[in-house]
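The following pair of complexes shares a single chain, subunit A, combined with subunit B in the former and subunit C in the latter.
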Partner chain A sequence: MSITHRAPILWLTLRQFRAGRAILLVALFAATPVLFAAIFRWSSATGDATEFLSNFFLEILAPTILPLATLILATNALGNEIADRTLVYIVLKPVARGRLIVEKFIASTLVTVLAFTFGLVATWAVATGGSGSGRLLGALLAGTLAGVAAYGALFLLISLLVPRALLVGIIYVLIWESALARFIPGIKMLSVRHFAQSVFVRILDNPAIRLDRALQLSSATIVLVVLVVAALALATLRLRQMNLP
Partner chain B sequence: MSSVPGEAGAAQSGARYGEVFDRGYQHYEGRREGRAHAVRALTLYSVRGALGIKKRWTAKIIPIFIYAASFLPVAVIIGIRAFVGPVAEGFNYSSLYVALSPLLLILAAAAAPEMLCDDRRENVLPLYFSRAITRGDYLLAKIAALGILLGSIAILPPLLLFIGNTLLAESPLGYLRDQPDEVGRILATGTLLSIFYAAIGLVIASFTARKGVAAAIYIGFITIETAIVEALANAITASWRDFLDLISLGNVPDRIINWVFGGTSAVGAPPVGAPLQGWLYLFVVAGVAVICGVVMYQRYLAEE
Partner chain C sequence: MVEVQQQAEEQRPAAGYVPPDGPRTIEVTEVSKWYGDVVAVSNVSFAIGPGVTGLLGPNGAGKSTILKMLAGLLAPSMGTVRVLGEPVRANPRLYRRIGLVPEQEVVYPFLTGREFVRLNAILQRLPDPDAATAEAIARVEMTAAADRPVGGYSKGMRQRIKVAAALVHQPDVLILDEPLTGTDPLQRLQLIKLIRALGAEGRTVIVSSHILHEVERLADQILVLVNGKLAAAGDYRAIRDKIDEHARRVRVRADDPRTLAAALIRLPALESVRVDGDAVLIETGDVRDLYRAVPKVARELGIRLYEVAALDDSLASVFAYVTAR
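Entry: the complex of A and B
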């Protein structure tokens, strides 16, 4: 059986992404790290690539680039169906609501993670000159996967609750994750960014790279999985009760 | 049996065939308001649309949040100063503007696509241009609308702080005498910041169809562009790297605030190289405004 039969909504969503231009934007976001790595290489051939990549992940990628890039497809996947009033045609098909949500989530996460995998492998190769440790690359990819999955599930839920989900998501990222988390340590513990950073730091396991109040890898993973499952379950509930025009 | 009444009547009475009936169509006799009125009306309509007036409640959340976040702190601090005495000495115009700057960014990101994207998405631009309004007028109205909106955030809260300071001073007239140019500084800073944020927001909104995507590009562009330019400035050792600070767009508002209000403590992230003269950033704002205006006009010339 082909993917069109086994996961029709996933296939449909991937085709929708291919037709739209939003995916170019995600690719652009995913490609920016290479630019930073190129500047780093150009400026100091002797600089410590591990330190640079770690700081880059903790300071720029996890707080800014990752949530913005994830937002685009996660809110597009269902948000566009609502905006274009085509969601009703999908809901009419004999596909369970929960399955619809999960497949939409997988589609947006898959594409975003794939784009970042290419971007980050290139970044790692440029920054370390191809001789870097595989552990560093693994930590980068795992942290990115954690961030994309958690943000993706959260924003998918938001896109079902409010019509301008992307904007609300941006404000959430800017205010909750950046500004408030910087001033109030308690909130910092409750931000997706912190969990993604914890995953990165724990997998890297380098004593030189520290993160304030980093969680253990197991607890960070559990929290992220619970977050994803809870957000998808709430999204399913919401889709069941939604009034579709 | 004919269904056309005129024909039937003509056949029965034997009158002239093809008589013209007066159906009461009339010429418009009222005043013609002209282009200026059309621009003013479009400006007002755009401001109301961005504020979410006469829209569903979800459209009002962001404007209400922004206005509350910009006015409440000032009002609260003035109130406490009035009843309790001098508190929060560090709360001056510079620190207020630093807090207002991200709010301006969010409002521009929310309002600029609201003004431009829907008109193109729903294909109503031909309707606008079939009226007494040119492409330039249309853009002028949109720029004015966003400028008014951002200006209300960038000018009114500091003005409120100024009024509070004046009234709470030992002698209000003496305070006014000591600070003759405060109002001018507030107006200058507010106008410059509004122009800066509005120009970039509108030019990005004029290239995207989906409102949310335009907002994401706007905020992502400013933050990532700033990070890239700073990384580049760190990487360069030549002396001209100081001038890279001029194009790190996220820092330009802070530099302008520092320049206008001077003060002993500079706000915002310090530049990578040596600090530049403040007036240079004036040219940055002017350049951004001109470039964005030209690009937007070219874009709308090509529009249907």
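Entry: the complex of A and C
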């Protein structure tokens, strides 16, 4: 049975992404780390690639690049259909609202994670000259998956709550995740970046790479799963009650 | 007690329409919808059964709002909407038996017509979506263009592919919001034939339009909506007769308006005739008789006609007649 039959909303959403330009922007974000890695190699041939990649993940990727890239497709997945009123074609069907939300979430997460997988493998190869540890690459990919999933669920929910979800998302990323969570300890514990960073440092398990108040891997994973499930449940509830004028 | 209830029913401000007998597939009871201070629909009640029912009203009358409430897309601010005996809001199971052709033209432009209809068939969990898709596309006569992207379709083609998507699961209730918009005369004829056939099959079809003659060809039963209120409901011909009871104004432009006016004044239902430049302004109680007589009289007298125009045949005028009756 094809994907069209198994997951028609997922199939439709992937076709929507393919037809739009948003996916190019995500690819651009995913390629950005490669540029940083190339500059690192060119400027410091003998530098510690693990330290560079770790700092890059903790300071730039997790708090800024990942949420901005995730924001694009997560708000696109349902937001565009609400804006152009094509949502009516999928909501007037005997399909559980929860399933609709989950397939939309999977589509945006899948594409963003795939783009970053290519980007991060290339970044790791460039930064380490292809001889870096697999653990480092695994930590980068796991931290990315955690971040994309959590940010994706959150932004999908936002797209159902406010009309200008992209703008609201950018403000949230730049003020909450990138600025306040960096400097205010209480907010740090309430930011997605901290959980994604915790996943990264725990999998990397390198004494030289430390994160203030890092959670255990299991705790960070549980928090992220709860966050994703709660955001998707709220999105489902919102979709059930929404008026579609 | 029964009499008191009947009196109370009669005194209710909103007009209501209930078919005299037979099943009621759609029941709208004292429904209102408002957005802030703006009232879109005000205390509307009606029930309809199988067959085609026209929902007629000028732009902004609240037709789309009512249809969206029937489809469960909007929650009424007050009142209840039941389709096939069930509440339609938050009841996705019911969508197995309902089809909607929405007002907006936008359809996923990156899908082909066939992919779009097939997606609907799959979401309806039909056992053989490919066969159902082919059948629905054939029914709207779009087979030749089915494998082209919807983005390249004309307005009329998009309307027809939307109808195919709404029909693919053979719903008992079909809600069509201005389905003839953008169609050319041939496409319109095909769609009207199809809509009538769907009604004849025993499905409940409700079709909105702001064009009087369109509805006349589509539906025998009509609901007339004006400013969010049900102004009239029932058999189309009875409502049309009510409209015809009022004097209508017609302007006839001709090369010899005075001779034409003198000849027309003998018509029995004529109420007034006035010459204004090259035009004759006529008020008549039988507009059909006038339309028959004018070319005949002009031909007999050798008068050339430039224009015969109804001055108050707009929908707004017609609704004014209906509401003032």
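The rule is simple: the second predicted complex is superposed on the first by the 244 of 245 C-alpha atoms of A that agree within 3 Å, B and C clash if a C-alpha of one lies under 4 Å from a C-alpha of the other, contacts with A are read in each partner's own complex, and residues count from 1 in each chain.
Methods note: a contact is a pair of C-beta atoms (placed from the backbone, for glycine too) under 8 Å apart; a residue touches a chain by one contact, two chains touch by 3 or more.
None of the values given here were measured: they were computed from a predicted structure.
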item: First, second, both or neither for A:R240, with subunit B first and subunit C second; value: second
item: Touched partner set for A:L92, first subunit B, second subunit C, both or neither; value: second
item: Touched partner set for A:R15, first subunit B, second subunit C, both or neither; value: second
item: Which of subunit B and subunit C A:P163 touches, first, second, both or neither; value: first
item: Partner chain(s) touched by A:S43 [first = subunit B, second = subunit C, both, neither]; value: first
item: First (subunit B), second (subunit C), both or neither touched by A:H5; value: second
item: Contact residues of subunit A, present in both the subunit B and the subunit C interface; value: none
item: Residues of subunit C that touch subunit A when the two form their complex; value: 68, 71-75, 90, 92-96, 98, 100, 102, 104, 106-111, 116, 118-120, 122-125, 129, 165
item: Contact footprint of subunit C on subunit A as seen in their complex; value: 4-5, 8-9, 11-12, 15-16, 18-19, 84-86, 88-97, 240-241, 243-245
item: Residues of subunit B touching subunit A in the complex; value: 58-59, 61-62, 65, 102, 106, 109-110, 210-213, 215-217, 219-220, 223-224, 227-228, 231-232, 234-236
item: Residue ranges of subunit A in contact with subunit B within the complex; value: 22, 25, 29, 32, 35-36, 39-40, 42-44, 60, 64-65, 68-69, 71-72, 75, 79-80, 83, 162-168, 170-171, 174, 179
